[in-house]
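One chain, subunit A, links the two complexes that follow: it is found with subunit B in the first and with subunit C in the second.
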Partner chain A sequence: MTLTGFIAKNALRNKRRLSLSVTSVAVSLFLLVVLQVALRELTNPINDEGSSLRIIVRNKVSLAQPLPARQLQVLERIPGIAAITPFTFYGGLYKGDEKFTSFAQFAVDPARTLPLITDAKVPREQLEAWLADRTSCIVGKMTADRYGLKIGDRMQFTSQLYPADLEFKIVGIYEGTADDRNVFFHHKYLDESLGNPGTVGTWWVRAASIEEAPLVTARINQAFANSSAEVRAESERAFVLGFVSMWGNIQTLIGGISVVVVFALLLVTVSTMSMAIRERFRELAILKAIGFRRRELFAFILAESFGLAMLGGVLGVGGAYLLCNSLDIQKLSNGLFLLFEVTPRMVGFGFSVAALLGVLAAAAPMMTVARTSVVEGLKTLD
Partner chain B sequence: MALPVRYSFRNALVRWRSTLATVLGIALVVFVFVLLQSLAAGIEKSSGNTGDPRNILVVRKGATAESASLISRENFRQIQYFEEIARTERGEPIISADVLVLINLPRRNNGGEANVLLRGVTPRGMELRPQVTLVAGRWFTPGKREVVVSAKLARRFANFDLGESFKSGTAQLTVVGWLDGGGSAFDSECWLDADEARAIFERDMYSSFLIRPKDEVAGTNLIARIENDRRFKLKAEKEVEYYRKQTMTAAPIKWLGGFLAVMMSVGAVFAAMNTMYAAVGARTREIGTLRVLGFRRRAVVVALLIEGGFLAFLGGVLGCALAFYWNGYTTATLGFETFSEIVFQFRVTPLLVIEGLVFAVIVGVIGTLLPAVRASRLPVIVALKSV
Partner chain C sequence: MIGRFMAAEAEEPIVQIRELFKVYQQGEINVTALNGISLDITRGEFLTLMGPSGSGKSTLLHIIAGVDRPTSGSCHVQGIDVTALNESELADWRNHNVGFVFQTFNLIPVLTAYENVELPLLLTRLSSGERRRQVQTALELVGLADRQHHLPRQLSGGQEQRVAIARALVTDPSLIVADEPTGNLDSHSAQDVLTILQSLSRSAGKTVIMVTHDPKAAAYGSRSVHLEKGELSN
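Up next is the complex of A and B:
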């Protein structure tokens, strides 16, 4: 019998225990990876070239404070700006949704918006229809699919922020952006129903080049410094990261829970390994007696423990990977999670934890074996 | 019956290492469950603890929160003379038109920025909210750009110490006092004079009206009158009702708690099973002996279930104790309705403790069931022969 065969035979001799241990390791690692995925999704916004090129300008007081529409004239004169549109979060509840609508609606100036959503794929005639009709909107494909919407349908909204309940006609469906959920409609339509207050929520700006983007941000901030409506301009990515900072202690909490999960996992595996070794104490003593070195016994134990943990790792991490890639997480989480992607780094992390677990779980039994003399071991009955 | 039980107990002590691991494993599951649920309970409690049952709050229809509500001055002029509203001795209606502004401020120790809810409040509005007390400094003087911040927020945000000031909009606001909301949603607010707030933040509109009706009946009438009046697109409800419903933030936390508990309990059930199988395996002969002595199969199963259940119960107690350590600890996150930092405490309620314990015992019993049945099914002779 080869050494590998010996180890495998040993591991398999209590199949029930082996499968229980492997499954509990697998479940815990699965959980660990899923938590990491969720945490990343909440804290790490999508990062593409566009999101560094695009700039959001909001009121320095807070996002909820409007900006005067007359700022447009000043903004248009700032060098390095390739495109600019008013960009107002409408905060609508889609008809039928009780408390929460999973997609955002933005009031924009359609003609000015096109250069800002260059990655969106929309047929030309749909774009033209959008430009032409003041009450029309374009909808992201994800939202259209989710609600079974098609061109020509009407969407009714109750705004949570503005005293204006609007109805839009869908004239186009776009896809290909980082977040194909949003609805874009005419800012004029919103203005009119509010009695033309002369304000916008934010400005959406596209810098001419990546190199110029930070300069443009600085220039915008400078342009309105000490005015009655000071602004905060930042890249789209920085803007989203600002939300993350608002989450506050929840991040720490999820991190802390991950630690607890790993610790619980360690407990279970260590206890199983000690159990497995204890029951064959006598055999180990016999092996010692017939001339196996302590080092070799250690190798047996370590190999078994390591193998067990790794098998659990493959099942758990692999399971998480498969699940996250195959599930329609957007639908399941009601739009809270978009990507739910297992990154190579998380896979690496999961397996590192598994490896560490295998080694640590072997430590206790190894110590016992090392401390016990052959005679003592042979005497054991349990 | 007593013998198998006592026997189980002694056995658990002999196998203390794997027993301890099982107990700790279950304790951690219960800990995570109770902790997360106590967080959700804290949010609900802080919100549910807010307001005076006599008051009526009016916001714009469709607005999810006061901070997202806009009401015109015309509406104020119309409503303030409604005869359902109680009056002071000097004959003024008891109604407070407040303005709520979200302001973005830096946290302490460069912890990023977050939104804070600033309430422009009238003297009447302060009287209508007796839950709010001053704990340090003094109240603001209107017109002097002064603000009183929540003491709980003061620990989290930069420039919130007494005498310090921060800039927002065109104004430099000085902190002159700390308020305490008594565990209510007001713990997440900063107060300044209403007219001053409207001037600084260029608000023509109000955000909400807080009204004290003459009596219970007048209150009901007032709600109906405002809701049914075609001129207004307003929503009137009891202040306490309004706050009780502001619990959207708690929902995902509850969901996360439930999800984690279920997932982790699968691992814990397996761990318990492992321990109990080992316990049963090692005692096969003794179980056989018990059977020979005349104990029934059922007695053996029950004894083992009690053993497993009791161990899990211990784990549950430990888990609850760990979670209880956090009870009352103040934390904060982004409130979904107000879109601002909301402060609340972990609340380990008796109900949560019971839920945690029941959960633990269920995990223990499920984990023990298969090993126990296996033990009882062993033929007596085989059991006795085993080494």
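Up next is the complex of A and C:
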């Protein structure tokens, strides 16, 4: 027998309690990791190279206020801008969806948009078809797959923002962007349907280089300062984070739930370890009597507590990893979540929490053992 | 010549207790458990400590075994003042010099008889082969070599106590302390246990100190000491 074997036998002596404790740790850590994944998905926009270059220009008063289309001439003269297109959120409900359509539709200038979505892979003939047909659109592959759409199909939308219901012919399917769900169509088509109001929702700008992006942002804001339609230009990331802030203080809410989960977990583990040690108080006194030192008894308790917590960690964090990576979360969440992946950082966080729990849960029993002399322990025997 | 030296060594006290006091504080009351005990125990002796409950016999046994400390006085075991050792030194000293046998056996329930006996050896630097030999020898000495893979719950009370004796013997200590080792046994098993303890004293030269209430058990010892209210009464 080895000391490790002795610790393992002690840990396994009450299998029902052990399995219940490990399960409670595992379920709590699973929940904790899934909450972290959800929080990341909701609050951390996808950050690729293209998004570092892209700038969104919106009305300074509100995103809901349109911008004059004539601003294009001013924008085109600002140095450092490589590409620019009107970019208007259509807010359509796809035919068949009852309350919510999980993918966005944007009205853009197709010729001007191509330099902005350089990461999108679309066959040349499909792009040409899109440029040629004012009522056509290109659809992200995720949406096409989800609805079983193919080239030549038609998509009908009822707008929840504009008094114009539109129908598009799919001429292209793109993929390779960070979010392959959106539909892009001709701004002219929307303008005509609305009676050419001469407005756009936002401008979508691509800076010539990452270094120039902040300068371009400042120049755009300056160009329209004190005009009848002042703008707010910001990086695509900042723009998306602005949307996130509309969720309310979800970060605090999920953070609060996570703290409660960890605290409940700590109570469960401390209680389990205290019970396990209390049951074995007689034996620990005997071990002390036959020569085991305090530090060796501490090591037994710590190893058992740590082992229990880490086993729960492997099951909980591992379970979350397997589940998040094996499920089609986009389909299950109706498009709310895109990636829902457990990152190495989250795995590290989960195991750190498990390790900390193991150490903290051992503290109370260790203090009890330290405080109790051999004789006090032996007095409990008879 | 050699025989004379051996005889002299046998006569030399292994335990020397001088003016030993132990006072417990119970709330605001001081309870004197040992009141100036002085006692010599010679090597190879089988000493029984007798007396009524609360007379201080277990306290005396605990101080000799290094699991309790006196309020004043000295207790030398094999020339070492055990009252002067710190906790870590005492633990090490106990592992090498003292074997414990308790009334309630106190075997670890999840370990087999073999593993229970091996437990004190895990603290030594012996190889697994050496440990195996010592455990086998100890189990053979108590007549339980054929029960080594049994868990405590699969053994009778007498067998459990014999395993406990094997655990006490396995590190080859010079001193074996037994606190009412027959208190939970039937007369037949008690006789077996007492015979083993007696033979350890007589044949193996171990010094055995046993606390008992039972005069029949005390009769197995080579000397009996009575305590009354913390003092030696004879």
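We take it that the second predicted complex is superposed on the first by the 375 of 382 C-alpha atoms of A that agree within 3 Å, B and C clash if a C-alpha of one lies under 4 Å from a C-alpha of the other, contacts with A are read in each partner's own complex, and residues count from 1 in each chain.
The rule we apply is simple: a contact is a pair of C-beta atoms (placed from the backbone, for glycine too) under 8 Å apart; a residue touches a chain by one contact, two chains touch by 3 or more.
Being a predicted model, the structure only gives us computed values, none of them experimental.
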Touching partner for A:Gln65 - first (subunit B), second (subunit C), both, neither: first
First, second, both or neither for A:Ile301, with subunit B first and subunit C second: neither
Partner chain(s) touched by A:Thr23 [first = subunit B, second = subunit C, both, neither]: first
First (subunit B), second (subunit C), both or neither touched by A:Ala289: second
Subunit B or subunit C, by number of subunit A residues touched: B
Contacts of A:Ile55 with subunit B and subunit C, given as first, second, both or neither: neither
Touching partner for A:Lys9 - first (subunit B), second (subunit C), both, neither: second
Touching partner for A:Cys324 - first (subunit B), second (subunit C), both, neither: neither
Contacts on subunit A seen with subunit B and repeated with subunit C across the two complexes: 381-382
Subunit A partner contacts - residues on subunit B that touch it in the complex: 17-18, 20-22, 24-25, 28-29, 31-32, 36, 39, 60, 62-64, 67-68, 70, 101-104, 107, 111-115, 168-170, 201-202, 233, 248, 252-253, 260, 263-264, 266-268, 270-271, 273-275, 277-278, 282, 331-334, 339, 341, 387
In the complex with subunit B, residue positions of subunit A that touch it: 16-17, 20-21, 23-24, 27-28, 30-31, 60-65, 91, 93, 99-100, 158-163, 165, 228, 230, 232, 242-250, 253, 257, 260-261, 263-265, 267-268, 270-272, 274-275, 279, 336, 381-382
Residues on subunit C engaged by subunit A in the complex (per definition of touch): 62, 65, 67-68, 87-88, 91-92, 94-96, 100, 102-104, 106, 108-111, 115, 118-120, 122-123, 167, 171, 179-180
Subunit C-touching residues of subunit A, taken from the complex the two chains share: 1-3, 6, 9-10, 12-13, 282-283, 286-294, 296, 373-375, 378, 381-382
